[in-house]
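Paired with subunit B in one complex and with subunit C in the other, subunit A is shared by the two complexes that follow.
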Partner chain A sequence: MSIQIFFQHLMNAISLGGIYSLIAIGYTMVYGILNLINFAHGDIFTYSMYFAFYAVTLFLFPWWAAFIFSLFATAMLGALIERVAYRPLRKANAPKISGLITAIGISFFLQNFAIVVFGGRAKSFNPQIGVYPKQFAQVITIRNIRIPLLTFIIIGASIVSLLLLVWIVYRTKSGMAMRAVSKDIMAAKLMGINTDRTISQTFMLGSALAAVGGILWAMKYPQIYPYTGMIPGLKAFIAAVVGGIGSIPGAMLGGFILGLSEIMIVAFLPGLAGYRDAFAYIILIIILLVKPNGILGVEIGEKV
Partner chain B sequence: MKRLYLILLLLGLVVSIFGQEVIKIGMNFELTGAVSGYGQMSRDGVLLANKLKPTVNIGGKEIKVEVVAVDNKSDKSEAANAIRRLIDREKVVAVIGPATSSAALSAAPIAEERKIPMVVNTATNPLVAQNRTYVFRTCFEDTLQGALLATFAWEDLGVKNVAIMVDVAQDYVVGLSNYFKRSFAMYGGTFFEEYYTTGDQDFTAQLTDALSKNPDAIFMPGYYAEIALICKQARELGFTGPFFAGDGADAPELIQIGGEYVEGLSYTTYFHEDAELSPATKPFVEAYQKEYGRRADAFGALAYDAYMVIVDAIERAQSTDPVKIRDEIAKTKDFPGVAGTITYPDGSGNPIKPAVINTVQNGEFVFRTVVEPAIF
Partner chain C sequence: MKKNLSFRIKFILTVSFIFIIYFLLLIANNFASDYVILILNLMAINIIFAVSLTFINGITGIFSLGHVGFIAIGAYVSSLLTLSPAQKEMSFLIKPLIYPLNSIQMPFLPAIIIAGVIAAAFGYLVSAPSLRLIGDYLAIATLGLGEVVRIIANNTWSITNGALGLKDIPQYTNLWWTWGVALITIVFIASLINSSYGRALKAVREDPIAAKVMGINVFSHQVVTFVIGSFFAGVGGALWAHLITTIDPKSFMFSRTFEILIMVVIGGLGSISGAVIGASLYTVALEFLRILEEPISIGPIYIPGIPGMRMVVLSLALIIIMLFWRRGIMGRNEITWDNIYKIFLKIRKKEDSIT
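And now, the complex of A and B:
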């Protein structure tokens, strides 16, 4: 393999890893604060694409307004899911496993609802229908290595999202409340924190992050169908676990590790390319065996 | 909810008392899932056929034909469930579909075992009907398609070294790739394969590897969703040569998703509006346009043919017994299908048919030529 081709693979890997990390951040955030694995995250991700798509094609929004609309609509969807699916469980003091099962149920519901409402056939997210400017689809060539402009946008968006998130969590009052809830929800409540509102905000934030990821994903791979988010959602979950679920930098790291390994598996062992999803699971299993808390995860004793 | 069930139950009762003069034909199609485009186009074809020919004449009496659709979700195991449900619960006398080879391969043994004729519209993998007496198709086989593609690549495109993108999860793709390779090697062409799985969205690693081997063309024997993304990513990685594909490319989604990146892509298929394949083609095209307000497509055309072949066999059999229907389907000769005449040669469920080659031009599927099967 020539050095140029190696660098081409590396750029492909960064491009894929960047988008995995972006989705993983949203995943890990909800877990970090609520200890809830929100399996519906991948479907929220799908819905964000549909929101942007219909904002442009049906309501004739300009692309940037459609993106903002999608961000808000997805955040609202997240809040709605929390309100109807998770809050009642919390109120009933249901065991943790119920939350997980509910999340899977919500995921199936969202997928099937999407089939009914949006139809089973794929929609296109091409610049030709005005969903984003054509310039975004440019490809930059540096010494024969071709990098789509979108790769830079994705990485930029990941970094901005990360910084924004760190700012919200560590510098704002709601962020402080989120951290308090994550430490001890009962104590936080006793200290006068409106825990329901804080949890709702967490979901909105996580879903808005899913929307950023969703729109960028749709720009990169311009097809939207009711199951679009399933595999990316699963990969993001793996990335979050590999990096250390609950840790935001860990999610980013996990995303890049996953992107890198998926591309390099194909690059070095092209014959096994058809099985590359299996490698994501193998990485997950290895990490769980060697370092169950993930690479950047910290060991916390189970609260009694 | 309870009341709803009650009403449904009563309706069912009414139908079963007064509706005895109904004969049911099942549809086992990919209505949702990764290749729902094919299933939905196929279903529309059958619905149109049912609208134009809603009854069969048995013993001088017109009996209503009811079509029942079950979604196989583009999934192998669901396709087996779907056909079981059609046979056991819906009591159909024949089944149309699935549209894709993997799904058809898992449904076919069940049709064979229960002795219910199954006519697939577009499942082209040879194994679907091989060694089976109850499975027929209205399309050609991939042995033929692979040979046609090799001829097309060698003679029309003039390419020598071809990169093949193979979806390892699809029997159709693996098969078509093999038949292509066999014929292309006979011309003296060289080729290599890159692998992926249905539902993959990122092909940059495979394409980077492929482009390092300097192919003249990329052959994509897969399905439209992946083809569109492969074309996009290949162009972004700087590939400028021609693309070509099999009948899996034939869905409007290819152009919607692939946009300018699929311009110039050629593929073999069974049908194009502008190709006069039989006297039945033109009336079908007009009826389709009137019914759906859009151009007729290959999947719908072949599904339409599947329905008509079954109905024709029922009338000749003068019976609703699936075994007798099967025997009459097998005797079908010079049946004017809208996508070419259908004759089942002795003991085979595979008609010999011409293939159509289309090219994407200015965002439309443009008819290029009809290739008659020769000695292949």
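And now, the complex of A and C:
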């Protein structure tokens, strides 16, 4: 394999890893704060694509306005799900398994609702109908390495959103509240933190990141159908677990590990291309066996 | 008055109950339409799935989401064993089937038993690594295993015929097979639960650490549960394949595990009779909800059919059950002859007090 092709694959892997990281952070934040796998996160990701798509095609927004609209709408969707489904469960002190089943139910609901409302047929998310500018599809040549401009945009947008997230979580007051709630929800409440609002904000932030990921994903693979988010959603969750669930740097790391391994295994062993969706699970099981709390996870002893 | 029935009465009641079911099936088999028979078959198969899943999830408390993987294995194994060599040669267009499989054909009964055994063997193989995980991690790992099975089925063209799937599987499944296996499943798992072994399983569910302290080998109990559950899932999958007659990897998407989970949750997680009721209700509801997807015209108002609507209703039902009625229909209670007798006594007491 020549160095050019390797470099192309590398860029591709980083852009895919960036998207996985963005979705994984949503999972990890919700898990960190509520100890709940938000199965619906993958579907929130799908909805962000639909929001952007319809904003452009139906409401005739310019693309950048459509993307911002999608970001807000998706954040609202995340908050709505938390408000309608997870908060009542939390108030009722439901066992953990009820939360998981509810999350599965919501995921199932969102998928089928998308079929009813948006139709089962795939929608094309491409510059031809003005969903994003045609220039994005240009191919840039640097020293014989041909890389689409889109790849750079995806990498750039992921990095900017990750930095923004880190700033929010580690430098702002509500970020501090989020970290406090994820450490100990009762203690945070006693310290006067409005936990409900903080959890709501966490959902919004995670969903907005999923929306960034969703729009980038749709640009990369320009087709939207109701089940789009399932596989990337599951892989992002795996990325979060691999990196150490609850830890934001872990989710980023996990996302990049998954993106890299997926692209590189297929690049080096093209015979395995059909199995690419299985790599994530194999990596997951290996990591969980070696280090059950993930790479950057903290060991928490079982209380008796 | 005695509170509980004697063993002999219970035995007679059970036998007569089985005879009533037999009689009803005989009527259904001879007089019902093909559509109704299909629904009854699906109901029994769903009962097998739901009971085996509730055994794993509800009784032993291993939250496994990989059930569809075992179903897929059972379906593929028994289909490959029962298809005739000529048919196999015809349908394996892209890559021929590998050696021993392409020349064997066997009757239905050994095929479904082998299907169950292979599913159980797979369950045994995966249980060791996955049961080292707990809670959510276990759920996600088993979910991954189910998906891996599907991906493998999609890609190993020389065994599963890849994305094309298998066609013209002989339609052996009928009401006797499905309800017979369903009864065996229920009786086997119910008697297992009522044994001391089953009480150990419940102890593991309630508190694994306390169970360990009491001298229960938590790990081996969980492995056995997993293996038995996957055996019945495999047998159910085999029956299903021989009912529908075509299978491909798309029929084993993760959403099937969802559906079985919905049945179990409606019935009450942790109750065998609940699983039976949940599976029956779900199957019937799925058919009645077809109305939602058909065009309706009420006078001048015309509502076009919306495909996918019934799944929306069902998933909403799941969420609402979880929010407002977490125990499901049965909770963790079981329908037993003793319980029915108690209710009967209560009613009679009331009547006595009235007169």
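Throughout what follows, the second predicted complex is superposed on the first by the 300 of 304 C-alpha atoms of A that agree within 3 Å, B and C clash if a C-alpha of one lies under 4 Å from a C-alpha of the other, contacts with A are read in each partner's own complex, and residues count from 1 in each chain.
We take it that a contact is a pair of C-beta atoms (placed from the backbone, for glycine too) under 8 Å apart; a residue touches a chain by one contact, two chains touch by 3 or more.
What you see is a predicted model, and the numbers here were worked out from it, not measured in a lab.
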| item | value |
| --- | --- |
| Fit-or-clash call for subunit B and subunit C when the two complexes are aligned on subunit A | clash |
| Subunit B versus subunit C as contact partner of A:Leu80, first or second or both or neither | neither |
| Partner chain(s) touched by A:Ala65 [first = subunit B, second = subunit C, both, neither] | neither |
| Touched partner set for A:Gln8, first subunit B, second subunit C, both or neither | first |
| Which superposed partner A:Ile115 touches (first subunit B, second subunit C, both, neither) | both |
| Subunit B versus subunit C as contact partner of A:Asp277, first or second or both or neither | both |
| Clash with subunit C (superposed arrangement) - responsible stretch of subunit B out of 165-173, 291-299, 309-317 or 363-371 | 165-173 |
| Subunit C-contacting residues of subunit A that also contact subunit B | 115, 120, 274-275, 277 |
| Subunit C contact footprint on subunit A (complex, rising order) | 31, 35, 37, 85, 88-89, 92, 94, 96-98, 100-102, 104-106, 108-109, 111-113, 115-116, 120, 230, 234, 237-238, 241, 274-275, 277-278, 280-282, 284-285, 288-289, 292, 302, 304 |
| Sites on subunit B touched by subunit A in the complex | 31-34, 36-37, 39-40, 166-169, 194-197, 199-202, 204-206, 208-209, 212, 225, 228-229, 232, 236-238, 253, 256-257, 259-260 |
| Contacting residues of subunit A [partner subunit B, same complex] | 1-2, 5, 8-9, 12-13, 15-16, 115, 120-124, 126-128, 139, 141, 146, 148, 221-223, 225-227, 231, 262-267, 270-277 |
| Of subunit C, residues touching subunit A in the complex | 63, 129-130, 132-133, 135-137, 139-141, 143-145, 147-148, 151-152, 154-155, 209, 254-255, 258, 261-262, 265, 269, 306-309, 311-312, 314-316, 318-319, 322-323, 326 |
